[in-house]
Amino acid sequence: MFQHIKDLQFDARVSRPDPRFANLLLEQFGGGNGELKAAMQYFVQAFGCRRAYPDKYDLLMDIATEEFSHLEIVGATITMLLDGVNSEIKDAAEGNLVAQMGNGSAKKNHVIAMAMDNPKFLLESAGGPLVTDSVGVPWTGVFVNSNGDLTVDLRSNIGAETRAKIVYERLLEFTDDPYVQDSLRFLMTREIAHFQQFSAALSTIEPNFPPGAMQGDLRFTHTYFNMSPSEDARGPWNKGKGPWEAGEKWEYVEDAVAQVEETKGQADKAIEGHERNEKTVHKIERDLAKQRSAEVTTPKNGEFAWSRYTESSAANE
Amino acid sequence: MFQHIKDLQFDARVSRPDPRFANLLLEQFGGGNGELKAAMQYFVQAFGCRRAYPDKYDLLMDIATEEFSHLEIVGATITMLLDGVNSEIKDAAEGNLVAQMGNGSAKKNHVIAMAMDNPKFLLESAGGPLVTDSVGVPWTGVFVNSNGDLTVDLRSNIGAETRAKIVYERLLEFTDDPYVQDSLRFLMTREIAHFQQFSAALSTIEPNFPPGAMQGDLRFTHTYFNMSPSEDARGPWNKGKGPWEAGEKWEYVEDAVAQVEETKGQADKAIEGHERNEKTVHKIERDLAKQRSAEVTTPKNGEFAWSRYTESSAANE
Amino acid sequence: MFQHIKDLQFDARVSRPDPRFANLLLEQFGGGNGELKAAMQYFVQAFGCRRAYPDKYDLLMDIATEEFSHLEIVGATITMLLDGVNSEIKDAAEGNLVAQMGNGSAKKNHVIAMAMDNPKFLLESAGGPLVTDSVGVPWTGVFVNSNGDLTVDLRSNIGAETRAKIVYERLLEFTDDPYVQDSLRFLMTREIAHFQQFSAALSTIEPNFPPGAMQGDLRFTHTYFNMSPSEDARGPWNKGKGPWEAGEKWEYVEDAVAQVEETKGQADKAIEGHERNEKTVHKIERDLAKQRSAEVTTPKNGEFAWSRYTESSAANE
Amino acid sequence: MFQHIKDLQFDARVSRPDPRFANLLLEQFGGGNGELKAAMQYFVQAFGCRRAYPDKYDLLMDIATEEFSHLEIVGATITMLLDGVNSEIKDAAEGNLVAQMGNGSAKKNHVIAMAMDNPKFLLESAGGPLVTDSVGVPWTGVFVNSNGDLTVDLRSNIGAETRAKIVYERLLEFTDDPYVQDSLRFLMTREIAHFQQFSAALSTIEPNFPPGAMQGDLRFTHTYFNMSPSEDARGPWNKGKGPWEAGEKWEYVEDAVAQVEETKGQADKAIEGHERNEKTVHKIERDLAKQRSAEVTTPKNGEFAWSRYTESSAANE
Amino acid sequence: MFQHIKDLQFDARVSRPDPRFANLLLEQFGGGNGELKAAMQYFVQAFGCRRAYPDKYDLLMDIATEEFSHLEIVGATITMLLDGVNSEIKDAAEGNLVAQMGNGSAKKNHVIAMAMDNPKFLLESAGGPLVTDSVGVPWTGVFVNSNGDLTVDLRSNIGAETRAKIVYERLLEFTDDPYVQDSLRFLMTREIAHFQQFSAALSTIEPNFPPGAMQGDLRFTHTYFNMSPSEDARGPWNKGKGPWEAGEKWEYVEDAVAQVEETKGQADKAIEGHERNEKTVHKIERDLAKQRSAEVTTPKNGEFAWSRYTESSAANE
Amino acid sequence: MFQHIKDLQFDARVSRPDPRFANLLLEQFGGGNGELKAAMQYFVQAFGCRRAYPDKYDLLMDIATEEFSHLEIVGATITMLLDGVNSEIKDAAEGNLVAQMGNGSAKKNHVIAMAMDNPKFLLESAGGPLVTDSVGVPWTGVFVNSNGDLTVDLRSNIGAETRAKIVYERLLEFTDDPYVQDSLRFLMTREIAHFQQFSAALSTIEPNFPPGAMQGDLRFTHTYFNMSPSEDARGPWNKGKGPWEAGEKWEYVEDAVAQVEETKGQADKAIEGHERNEKTVHKIERDLAKQRSAEVTTPKNGEFAWSRYTESSAANE
């Protein structure tokens, strides 16, 4: 369960209202790389790994809860940046904001600018955050990647944290309010910390690649198809030994179209560039499948419970 | 900020896995009347009313936090109902779940049924909740109604709680697992309690209708247009005095099409059925606008802060 | 069936084109609290209650049809506000609107302003409404709440009408065109009237809360969990007798986290604060289920028809 | 404005409930080629062409209104096909629908089948239509094509009607209820009629292609790029004279990749295959732009009104 | 399979950066009538007709591939129009773009203008295209019409090409950069050419209307319902012989509401206006169904393959 | 530009139709971790890095093109798995598929099963792929992560490839058709190869973390907040030295709520656990900003072109 504490995790303040920046900041409230996305992604992932990886369950819940707390910081900052907008709107009579649209008064900056930049923000919320991104597109569950395999999920999180970091960096360029900068830098820094935490957690699971149990078809794991020929670049991604275990090296297919004809649609493709064989691979697959299945194995009847209060949970049927 | 407690608010358990019901239950995890919608709606509303209505801010945060805790109960129950699915999938070799598709073994009920009912649930999450409804449509910020006027928001919440209640009632009909029934009944009951809490809170704000400051055009507030003539019904919604202050009564327009011609598109429409006049109304509007604007008035410079730690928040520019 | 009359229900006019306000007004054409949402919500609700509540079916169809008529008023107003834009676009040669982007000519206000505020509006529709909100996000069926229980649906409508009202109030602040103000005030006023109509209709159904047949678990209907402790507020929503029947009163859980431990996840929670017992409640549930089911009971074979033309509808199988 | 008549345009009936077919039929209620899409598309298009093409405005409003009437037929049919479901749900106690899940009783076909095929349909609406397609995906404004050019819009409509027709044809294969077949065949036939009506209307506008005023670059209007070489097909779409005015014929680029190199990215591409020249084309463009702009030209001040009631609409500024 | 060639099909250039126009141009990258929609629509349609219409399969793949190549031209142009934005962002320290917001420097035009017009574009992509339209709404599979009947699909394509053409025409009015104009005119022209190609292809399929096999109910194929009476227009769409085969003519129902009553909901409607009878029609249906089914008939076992490499494809079970 | 080759990159075949598996396989055509998502993600990323990292541009275009080729393999497989469905539908008369719904004939498996599992798939496409996932939810541009910073994008790709891999692994468990298994294993293996390629490419960029130029606030980069206290786990993610440069180590905040009070909302938080200081950090930031900005610096006038054909691109103004 959750408990709410009325203090923010970071003492967010603003020097003055700034509805335009409030609008930009919505990107981190309801946008694709924002705090709600992060919070929900880690929260949802936690359910699936609670039995197999209780330590990672704790990690995911710690960070998910921190992200919910950051969502509150972002929402509070948006609300403070809109201070005045709500008041102006509530005091307006018919049409009396219009006269200000044609002049450059300071007041105009509050309500009118907001109406023009993001009319939905003004008309629908009038001074609080919306569950949308900075252009008014609603948050969607599509943002959340949770795939029931912890090595997959942790890599999704590593990618997510880098995206969140770069968006905060760009936001920082658009405000010179030192209070807001402090809050943004705190939030940006935490993405860096979380990245490191997820990376460290991933390193404790072995093997962690490929995810799941099935290994690749040995004919294609080390092949690079040159699908955009001319001005070709070579590097460690298609030349020399790959970034993995010894004895394997990249196979470079110079002309991917011709190769299809030569191999009759890969039917005649030979295994090249590494030393594993199918037998070895199948053994790895069987062992991994067994091991990973056991981690999440069905409990004996009467143990389907979540909290510690369940002393004896024999179903009362 | 939030803190997570590892115990669930309600000691949710299940008697046995039931992937089909897990799928139905997704409706209350990521569906339009589910727990995430409720939690986010109250959480977002709270920002806007924190200064004007600190007591309602406390109320909204109490209930928002409870809904996040309920989201966890729903997610934990879905995960327990899927116990076994994750294990079966992780242990499967290529194609070995297929053989079971044609027979009626118990095992088939786990993975195969799930694959057929909601393939995305199986393929993408493999044993944990998704941020979607029961047919796999992603949660969307569109679900959240937060409009920066507390009398509007509380009425949105009253509607939301009734919808959540009826969905739990229907879910209860589709499980005979007594543990799951207990959890669902707890969750359903809390929607009833929240409804009462929001209704009581609304009653403390006066006037609470219409929302905002502007009153209606006196020619049209008490008019009922009969747009679907024949088999007409009359009742307190279009006959007698309306449900509001004394001295007013419904005006029934028998033939709405003819009325448009007679009134030249309402231009010649007279005021009928009540005793207020425009002057009275404008005074109400001015007073309300003033009052409501003052409630959220911009603080003097140096007071834009959220937490109690801000002793002196003069901007450090 | 529907019939279209070429006159508008309200004789909408505009004093001059105003593409920026046209853009704002889109919020009530294709936005979440706009006319299409209202029309479709009441129209869809009507199907389900046609047999059980023919009087409410008439009410819902009257208001749904009025909302479709209001949608036309909004669309016509948007089109008039864009008068000139369409003409300018159709007369433009390559690039000839660009020269105007850098100066302040009156003409610039038409096309250019629109291109900058909502490019999709300009590029895709060039002078007519779009089925989107004011920032170009498409209308979605998610907006429509229709749940097959009339007490739920009427409360959803009460919430919807208050939201529509406040959005019209805010729109009114952004135009000083007296013609447009007249139309908006008419539309805003009708939301007030519909609110009263739905409230009155709800009051004729008894009991109307909770919706459905199932009553709450008596241990939790009157409990208030203090999930955000500190700066706690007390009021009729968590103190004293609740807003419902006599003999019951709020139970306030001061520390919701401690309470979970004390009650072992609610398992040991006692019934407090009211006088009903489980037996009474179950009788209410059985009676209500019977009554409400009967209202919508399946007709005898040969009666599955909608219109009055069906004299004898014995299925021709 | 609209008026609702309580009779359906077609006396829709059903022989017996059939929740599974009700689910399929949702595709034409809230799906991408369904009745709401058609109704809204023609309704929205009508606004933009009301002044320039009053005859087409009448046509679009006639058909839009018919489609709204068809939406009602589809909704009524879905509701009748669900007769019994609503009743069963309202009468259910906790878990009592579950026992039926394992046997083949007739009753099971109603509620249980529906819960499995489209759980959202059951849990959220319980017996009425949803504004979604047959898999529960919400209707979206994206479905509506309205582009402010009547020759474009009429062609969008011709495409839309063919799609609606084929979906009805497929639906007809999945019901043997003669009443439902009658209704579906009526609805399918009307799509055929509307197709003919839109085609005939398009033929009265000359020229009707290309839409707008700008003509194509003469180097590329008649060129066919062979982008998927091998197994090439030749036909009137890339060989001989094209389907347009005399003196022009297709230019076939055998090897599109080589052509880019030869023409330096089209820079050296010559005009081939037709007799028009740039001068002729520019004159056409100028004339068309002038003509089409005039059709929608801005009225003199004081004429911005929609209905016939406006005798003198001098703005009261 | 596809191959990428690093040259663009058209040598796109820009004279200078123009972030505002880049934003408008997004409409043709990720918008509803843009290049990705076209490419995906034809690509997806191609799968279904590969066996029945190999010549149309070639046509669809040629044009789909050209549209992917056009998508690249649009994306490259957007990127070039943003040249400078990316650099400015990467060089910015905290808050240093803000100082420029209040003055009219040229630099301001780059980053700041973009931040205000489409903040998501700036914050998320910082200099490359997004898979959204010009207001930041994500591309959706809803755009793609592919219905498994080639006469339907080709008509969908004809509509799609006209919409794409008019959007390019409007875009052309907003840039005076001759390089960008050249590229846009090329792209616009190709929509004209594709329109002609799809039209020509449709004409080779006979009969091509109605799509599918089922013919209309003879009572309703030639009827025009006057649903919006008054100011009625008559033309070839509701008067005289229709645009189809000899011997048929339009039946005009003056008062559609009265007609429903007179015909008892169409039950007593007679066949009028043409010479075909039900027997003729059923024969057409049977023949067409047989013919069209044969075109796509299931191959004998062992022939389920796609490429030419399959010499003998007896399943290796 | 692209060229299409009619052979598939892999000679995909199927042993027999299997509409149910076709439905599951849609997940990799139009789902969130499917081939279209991958293709579009790498294609869109490529634009932004073409000038700064031409070698990575080549890499991204190679892999994007391969993913488009894989999309074709998936689409072709779905089409072959549906062989027969299209034919049955085209040959059906009204209602004649219904009779098969109650028996267990082989034919039933084709059309009827598909209608029940995914009605939209059947009704709308009738035998070809849809641009949706396995439950009919449309593909969305939201899937695509492209953020204009190559170290961010490559990490997004690493996450994306692992997700795609695990989905193929799960699909492999649901088919025993050896041909389909071969194709799926090829596709799954390529995700493994792409993962390695992206990882290797990332390793060539130094520094590659954090992305952008701004470094973290030294007070928070190494802090772990224990937000879900009790049952706490310790590991390399919150204990000992972190996974980064020497001299730094994790700071563990045991009670995150108390810490907020102690530090007055972080205001009094000290730097702990590492050796860098603010001065060092700012130098890093300045250097990185300069370097990264230079990589994408604006070309001199006359160089805004994409293809090699531009010998002299002085703008012709």
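Labels for the chains are A, B, C, D, E and F, by order of writing; each one numbers its residues from 1.
Simple rule for what comes next: a contact is a pair of C-beta atoms (placed from the backbone, for glycine too) under 8 Å apart; a residue touches a chain by one contact, two chains touch by 3 or more.
What you see is a predicted model, and the numbers here were worked out from it, not measured in a lab.
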| item | value |
| --- | --- |
| Pair from B-F, A-B or D-E with over half of its contact pairs in common with A-C | B-F |
| When subunit C is superposed on subunit E by its C-alpha atoms, the rotation angle in degrees, nearest 5 | 120 |
| Chain centre separation (subunit C, subunit D; CA means) in Å | 26 |
| Inter-centroid spacing, subunit F versus subunit C (mean Cα positions, whole Å) | 37 |
| Subunit A and subunit F, separation of their C-alpha mean positions in angstrom | 12 |
| Contacts with 2+ other chains: residues of subunit C | 1-9, 11-12, 32-33, 61-62, 65, 69, 89, 92-94, 124, 126, 135-138, 140, 142, 147-149, 166-167, 170, 172, 177, 185, 212-214, 227-228, 231, 256-257, 260, 264-265, 267, 307, 309 |
| Chain-level touch network, classified as line, ring, star, complete or other | other |
| In contact (per the touch rule at the top): chain pairs | A-B, A-C, A-E, A-F, B-C, B-D, B-F, C-D, C-E, D-E, D-F, E-F |
| Residues of subunit B defined as touching subunit D within the complex | 20, 23-24, 27, 31-33, 117, 133-137, 166-167, 170-177, 181, 185, 227-231, 256-257, 260, 264-265, 267 |
| Residue numbers on subunit F that touch subunit D, as the complex places them | 1-6, 89, 92-99, 115-116, 118-120, 122-124, 126, 135-138, 307, 309 |
| Contact footprint of subunit C on subunit D as seen in their complex | 1-9, 11-17, 30, 36, 40, 43-45, 47-48, 50, 61-62, 64-65, 68-69, 72, 75-76, 78-80, 83-84, 86-94, 124-132, 138-142, 144, 146-149, 177-179, 212-214, 285-286, 289-290, 292-299, 301, 304-310, 313, 315-317 |
| Interface residues, subunit A side, partner subunit F - complex | 5, 7-12, 32-33, 54-56, 58-59, 61-63, 65-66, 69, 140, 142-143, 145, 147-149, 151-152, 155-160, 162-163, 165-167, 169-170, 172, 185-186, 188-190, 192-193, 195-201, 203-204, 209-214, 216-217, 219-228, 231-238, 242-244, 256-257, 260-261, 264-267 |
